[in-house]
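Before anything else, here's the structure in question.
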Amino acid sequence: MNEQRAKTLLQNVRQGKTSPQAALRQLKSLDTHNLDFARVDGHRSLRKGFPEVIYCEGKSPVQVAKIAGKILQHNDNLLATRAGKETYRAVKRAFPKARYHEAARAITVTRKPIPKRTGIIAILCAGTTDIPVAEEAAVTAEIMGNRVKRFYDVGVAGLHRLLAVNEELLTANVLIVIAGMEGALPSVVGGLVDKPVIAVPTSVGYGASFGGIAALLAMLNSCASGITVVNINNGFGAGYAASLINQLAQ
Amino acid sequence: MNEQRAKTLLQNVRQGKTSPQAALRQLKSLDTHNLDFARVDGHRSLRKGFPEVIYCEGKSPVQVAKIAGKILQHNDNLLATRAGKETYRAVKRAFPKARYHEAARAITVTRKPIPKRTGIIAILCAGTTDIPVAEEAAVTAEIMGNRVKRFYDVGVAGLHRLLAVNEELLTANVLIVIAGMEGALPSVVGGLVDKPVIAVPTSVGYGASFGGIAALLAMLNSCASGITVVNINNGFGAGYAASLINQLAQ
Amino acid sequence: MNEQRAKTLLQNVRQGKTSPQAALRQLKSLDTHNLDFARVDGHRSLRKGFPEVIYCEGKSPVQVAKIAGKILQHNDNLLATRAGKETYRAVKRAFPKARYHEAARAITVTRKPIPKRTGIIAILCAGTTDIPVAEEAAVTAEIMGNRVKRFYDVGVAGLHRLLAVNEELLTANVLIVIAGMEGALPSVVGGLVDKPVIAVPTSVGYGASFGGIAALLAMLNSCASGITVVNINNGFGAGYAASLINQLAQ
Amino acid sequence: MNEQRAKTLLQNVRQGKTSPQAALRQLKSLDTHNLDFARVDGHRSLRKGFPEVIYCEGKSPVQVAKIAGKILQHNDNLLATRAGKETYRAVKRAFPKARYHEAARAITVTRKPIPKRTGIIAILCAGTTDIPVAEEAAVTAEIMGNRVKRFYDVGVAGLHRLLAVNEELLTANVLIVIAGMEGALPSVVGGLVDKPVIAVPTSVGYGASFGGIAALLAMLNSCASGITVVNINNGFGAGYAASLINQLAQ
Amino acid sequence: MNEQRAKTLLQNVRQGKTSPQAALRQLKSLDTHNLDFARVDGHRSLRKGFPEVIYCEGKSPVQVAKIAGKILQHNDNLLATRAGKETYRAVKRAFPKARYHEAARAITVTRKPIPKRTGIIAILCAGTTDIPVAEEAAVTAEIMGNRVKRFYDVGVAGLHRLLAVNEELLTANVLIVIAGMEGALPSVVGGLVDKPVIAVPTSVGYGASFGGIAALLAMLNSCASGITVVNINNGFGAGYAASLINQLAQ
Amino acid sequence: MNEQRAKTLLQNVRQGKTSPQAALRQLKSLDTHNLDFARVDGHRSLRKGFPEVIYCEGKSPVQVAKIAGKILQHNDNLLATRAGKETYRAVKRAFPKARYHEAARAITVTRKPIPKRTGIIAILCAGTTDIPVAEEAAVTAEIMGNRVKRFYDVGVAGLHRLLAVNEELLTANVLIVIAGMEGALPSVVGGLVDKPVIAVPTSVGYGASFGGIAALLAMLNSCASGITVVNINNGFGAGYAASLINQLAQ
Amino acid sequence: MNEQRAKTLLQNVRQGKTSPQAALRQLKSLDTHNLDFARVDGHRSLRKGFPEVIYCEGKSPVQVAKIAGKILQHNDNLLATRAGKETYRAVKRAFPKARYHEAARAITVTRKPIPKRTGIIAILCAGTTDIPVAEEAAVTAEIMGNRVKRFYDVGVAGLHRLLAVNEELLTANVLIVIAGMEGALPSVVGGLVDKPVIAVPTSVGYGASFGGIAALLAMLNSCASGITVVNINNGFGAGYAASLINQLAQ
Amino acid sequence: MNEQRAKTLLQNVRQGKTSPQAALRQLKSLDTHNLDFARVDGHRSLRKGFPEVIYCEGKSPVQVAKIAGKILQHNDNLLATRAGKETYRAVKRAFPKARYHEAARAITVTRKPIPKRTGIIAILCAGTTDIPVAEEAAVTAEIMGNRVKRFYDVGVAGLHRLLAVNEELLTANVLIVIAGMEGALPSVVGGLVDKPVIAVPTSVGYGASFGGIAALLAMLNSCASGITVVNINNGFGAGYAASLINQLAQ
């Protein structure tokens, strides 16, 4: 959508010819910026509530930096996931405000302070080695305007560690529960709370964990209600979905 | 928890000896009714916001009827899923208000009108043969107090069918998107809306669909953001999670 | 080994020509009864501490009855698993003391009272539909001379059901923990007790439970220590191994 | 077939002793050049319409160069796929006209200008990281005499990117549609066009994408008609088949 | 699109207000007939060149008959696949011209003679038990206006059976090659011809054929060029794609 | 090849115009009898040493009887495997000498006494339920002219049963070793003998035996040398290969 | 639990206010030390009989050293598994008594002599390459106070190697049997002894061993009774469970 | 068995006290040399006809050299497979006659000329990249006293390459047929010859070849008779089994 059409649309809205709702829906459409190797979806923030997020795996640092530049032409903030340090440096060069979240392997650029919602997203993980996935979820949720509480290393083999934080869990609007190996934690948490639980299997484990399949299957077959699942190690996806859910609570 | 203890607790609350929050948390605990072959979780409605749901597969009609009886001692309404007609008749005999939802293979007993939330849950399915799963989701969501809009047979091979209902989809708080075969529908819907999408793979298909694995994997790997997934054919799980999410919007 | 050779051996023992240990080892050997379609291992009770157990799946009632006859020539008691009612009737005709355990689908013949060990085997299962597997384990453990305590329908989605029996669990020498779906129960139990836990996955579930694979993988990947696993639905194997373990405690 | 026999055959054709059809069929046969480690199929260009293509994976640069030499004895042009730079240099040394297509990891030698068909092959890919596979398809199609139009990064999560090029897609004779992750793009494209669609799954993704299995299964189960599938990352196979199809349109 | 709008459009075309191309594209759009349980895609024949085909598996005879009725309101001919005899009778009652192809388990209704293309589609299958899949492909190709030549039971274990028909194969525009078990036939055929080959794995076999997976994998990994693959037992898909390809040859 | 041509050929041989070797090779070729649904390979007995064997699964009794008729036009004996009783009756009607091997589910027709080789094929199976597969192997080996010794129910859990027949095993030229469940028997036998061992996995077992996959994998990974493997339950294939091997010993 | 509370509890026990059993159960509870990235379960040695064991995979040397420090604040001894040499050095720096078991890749710290039980744990492995897993089991069992006898390279392909040690095996209370490839060893051993056997599949093998799946499946499907299984390469888990079992024998 | 006992045994044979058969069987037994990390099976050459073969994967060069030394104490020749160059150098140092077969990655030591059988083993492979597996088979067969004929790069995509050597194939006693990708070659060869065929799948391929699974499944499901299969890339196993078979032909 070019400027002219956008202006006309907004004047129509001001003059009452078009209702704001109708206008908003029209804006949620079309328009991409073709970079040859990528078509940046400039209006995604209108349609989805957040600008396009760059998944860096398999893209060169130069490609990421170019896509970042195009996104930041139209948006205030940026999130790039699965980013190595070299990619971070390429983005940093162009956008000095870029920040690297090492545990999460994520880059954020925040040029405008993000107002925080009051509702809380709780992020639990079963073990120390699940933390990178948990942090990817946390960074995602935070840049999308959510308050996050972290509960790490609360796996079911030492149940008292989980029961000790039970009260705190009940204050969250939505819970992200992360586990590798047998992936049992979401089932136990799901039985304790009355809020949506997003389960994230991780590739933590060996042998018959099959790179996270064991945990994935366990979560899909959970006997507790209210649990939905994302891909193995997909901290970003969990953080994003949790944010969409938490947004409904406002 | 028997009536006596509950009364004492509530009097303590009225007299200010116990805060309502503390009392509510106390109520969200313990107490099961041991039927020998089952331990009915009588207070689940306090802890999870809805009484225990009976999964009928592998239970005899007599067992289901007994469990139903125990649940309805403490609750107004009941949901039983994956129920055959014989099971329905066994429940109907004891509870004449029982109703059978044939497409969904579900039994409901509604002894008290259920107040409806204003927010809408949209349920889409890709093809005619996915309807049983969609109906299980719908029946679940409805008995939990939600308004449901159905959009059936809107698979991606005829994209205009989906685009034709695009505006309506944007009015929902949460969307349940159901598909078998290649399971592509949630990805397309997820790209059009800014609300949480719960994807449900179905076992519809043949050959390399492997009883729903193809659709399940597609949904877990969706390139659209905001999508979470439940087990193959798990309409109930999707309806339940959607209800927990929709509840946040009130 | 025929009676004559056995007598000679025992006389040698009495006369001090052969030590009892040496004699016992000799007895733990050779000798099968060839029924054409089966070679009955008549001396297994010496070698393994319990006579051969008949796995009935894929054998005709006539075959089972013939094998049973051969075993009972040399032993007091008998266990046959995975037996249908027709097979039971064939055995009953020959051995009127035969008893059918319907839930377990097992046949036992007890011609001599079995002395019970003092140690206890606890058998837990997650849901009502897991009971047949639990009963197969229980019948096996009981005919091998063990006391069994049953804790059924204590799955992790309602954790208080499990915590309510925690004290009782601590009194067992060995625990058999049975679950389908996500198979999380052994991990939670394993974290609570300091005794060996035998985990049994069941085929209870649907979709991505893949006939028990999800539960099997979860149990193999348990983060709790002291857990070992048997085949899907293998109640017999769990009961047998538990008995061997409990026997060490005497 | 040596030169002498070929000449005799052709003279027979000129003199009407042999029909051209019969001669052509005779030529489409036998004859290989045994290099000890490889039997080069020198007459493949007669039988299949294009000389043997070298798949370089697992062959040493020296081996590739020798096979290339043998092929170029009998043919004007050459295609070698999955070639590293070292292999390229070995071929370049012997054939200075060799050209390296970096993104495609392919080597071509074009010693005679290739006449282009009028029909168009459209190549679409879902994301930036799918481009190497797309380029392998493009290079293959081009050296076989086809015009190619590229549409990269048009994945279904931003449907408007695809709809924006819809008109252009309708002008192609055959479409190659490439996607990793959930592999949904071919289904959507297949629903929009009335030409054959060749779907190529890629190994782009992580976790439950299982190196391209998720996309492969999705494509095999597509609900759209007219879609056929090649192996994961098999850009070459798609380009080759598309060329055979496009050739029919002349 | 109702008749009125269609007429207006065509008048605009006649009067030169709208170009035929533009009009055709407009017709290739929107418009579905909502039957509640199905949204019939009435204009698919404009967009895809053939009306919607009914996949009967999982639909009741009544549903199929209703969908058939809606399709035949707007089209001359009909194809329904995976149809049992009961479904056939339901369609026959409404459309006496319906014909049942028993081997193919397909229903066709042909109310207007179908003009045949000159190009030939060859259909080969490896064994007698693959014939149902071959016939589904043949019926599909025929109702879409193609001439079909059948070569059944020409599997690779008796290569001379295949070589005996080699000359005939060379006359086809496109070949559908069907095999179960080890699925080797397409590779051998693909090496003999210079036309596109569509490979169809079947579920014929046992043990490690895994319901057709062995054949599917073999075909996806074929060392011959120009081969694409469809789902296990998907005779329809192969016939449909072959028709789209053969259509280009006119 | 009709009788006339065969006679001419043989006369040429007698007159020294054709060498016997050359004639034999000519006979090992071409010629099939097209039954429309099957192309019977009439000369297979020349090429492979035994006439075509009918695999009955998926063929109707009428089809089997017709194929049998065609084979017996050119051969003395016949083998048909995986045959139900109805199929047997159809063959019996046409060929009263037909015999049904119930355990093996095989039909044989022996019109000419089969000379027996002196070498022995030993067939071992682990349990009673493996017998049908063992009998299929035995019937196949016997009709192909081999002496067979059966050793049934000698599984590794009672090793003395196997060791008791060890000496007898050493007298065989080739051993077929059949087992389901964990498939360990071939490894143990392979370590005891210096003759080729053909391992046959069976689908006997449950749960994680996955229909014979566990046994198949075990056999493929055997640490003993000299073991080769056939498909799950493929008694026929084992008997056939064993016969080809035993034939070399003459 | 801090010292003060522990003292009070013990005084109550001494004064008879609390029974020792009740006190012990109270001690078996609560209390974790939150290290931010890990919640160390300080009282696990009371609850499980052995302090928390550190699984080093995926943890940095610094993290392991910090966790080790926290554990050794409350316990005399320490076990860390899957530890590289760098991790060992980090622990060694803080605890000079640390010892590295190279074959087992384990670290132990033994600050107080460990009293040994009289019962023996036998550890068998099939081949030389299984030794690292066997040693992990041995180190685990030894630090938990068990006597271990090792029998390495006794695989079933040379059965006499196993039979030669048969008598010695009969003296063990529990046997750990380790094998890769076809994983047959536990079945053979299980048939010879009347004690519990813990089977450990290893990833030794190639091709269709699938990283240990072949051995894992074989062990789960063992026809011998009394066998339970742990995860692929899980020497630690086997040693731990064996210790819990051996402990019952005292 | 030490020399003394062997001499006594042989004298008994010469003096007629022991029959040669009985003596041979006695020699085929017991006796291992325990190297701590390996139990060398010194008498395997009596029992199996060839001394123990060293599988080097996962063993250190020092371990291999020690095992080689022990084997060569009792045998003239040696075979070690999957050996890297470093391992070769370690063996070479101790046994200067050691020879490294680079393509096969095998070490042989031949201290006594090996008499060759007259029968021929044909080794075929489909492509250049399968040669290492073919060479492992060839080296194995040759050191075991067989004549080998190699036919490399004769895959089914260029069938004339195979048909050109058909006559030569008919002269072999046994054929080893090696292929990756779709693994079709053994089926085609199996249909042409009347001798046993040993099929070897290789891991050559990519994507859906799954490291050789596609080829393995194809071979297990071959429609040709007389084919048996070994593990993926198991050239050694094929060579060994072929030698046992060829030995029968003498």
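All chains are identified by letter, namely A, B, C, D, E, F, G and H, in their written order; residue positions are counted from 1 within each chain.
One rule holds for everything that comes next: a contact is a pair of C-beta atoms (placed from the backbone, for glycine too) under 8 Å apart; a residue touches a chain by one contact, two chains touch by 3 or more.
The model shown is predicted, which means the values in this text are computed figures rather than measured ones.
With contact taken as defined at the outset, subunit D and subunit F are each touched by E, H.
Listed by label, the chains touching subunit B and subunit C alike are A. Here the CA centre of subunit F is 49 Å from the CA centre of subunit G. Taking each chain's centre as the mean of its C-alpha atoms, subunit F lies 25 Å from subunit H.
Chain centres here are Cα averages; for subunit C and subunit E they lie 55 Å apart.
Rounded to whole angstrom, the centroid-to-centroid distance between subunit B and subunit E, based on C-alpha atoms, equals 39 Å. Counting partner chains per residue, subunit C shows two or more touched chains at residues 127, 158, 191-192, 207-209, 213, 216, 220-221, 225, 231-232.
Pairwise, the chains that touch each other are A-B, A-C, A-D, A-G, B-C, B-D, B-E, C-F, C-G, D-E, D-H, E-F, E-H, F-G, F-H, G-H. Taken together, the subunit D residues at the contact with subunit A in this complex read 128-129, 131, 152-154, 158, 160-161, 164, 204, 206-209. For subunit H in complex with subunit F, the touching residues are 25, 28, 47-50, 53, 119, 167, 170, 173-174, 191-196, 198, 216, 220-221, 225-232, 236-238, 240-241, 244-246, 248-249. Contacts from subunit G toward subunit F in the complex involve residues 126-127, 155-159, 181-184, 187-188, 190-192, 205, 207-210, 213-215, 217-225. Those residues of subunit D that touch subunit H in the shared complex are 29-32, 36-39, 41, 44, 57-59, 63, 201, 203, 211-213, 216, 231-234.
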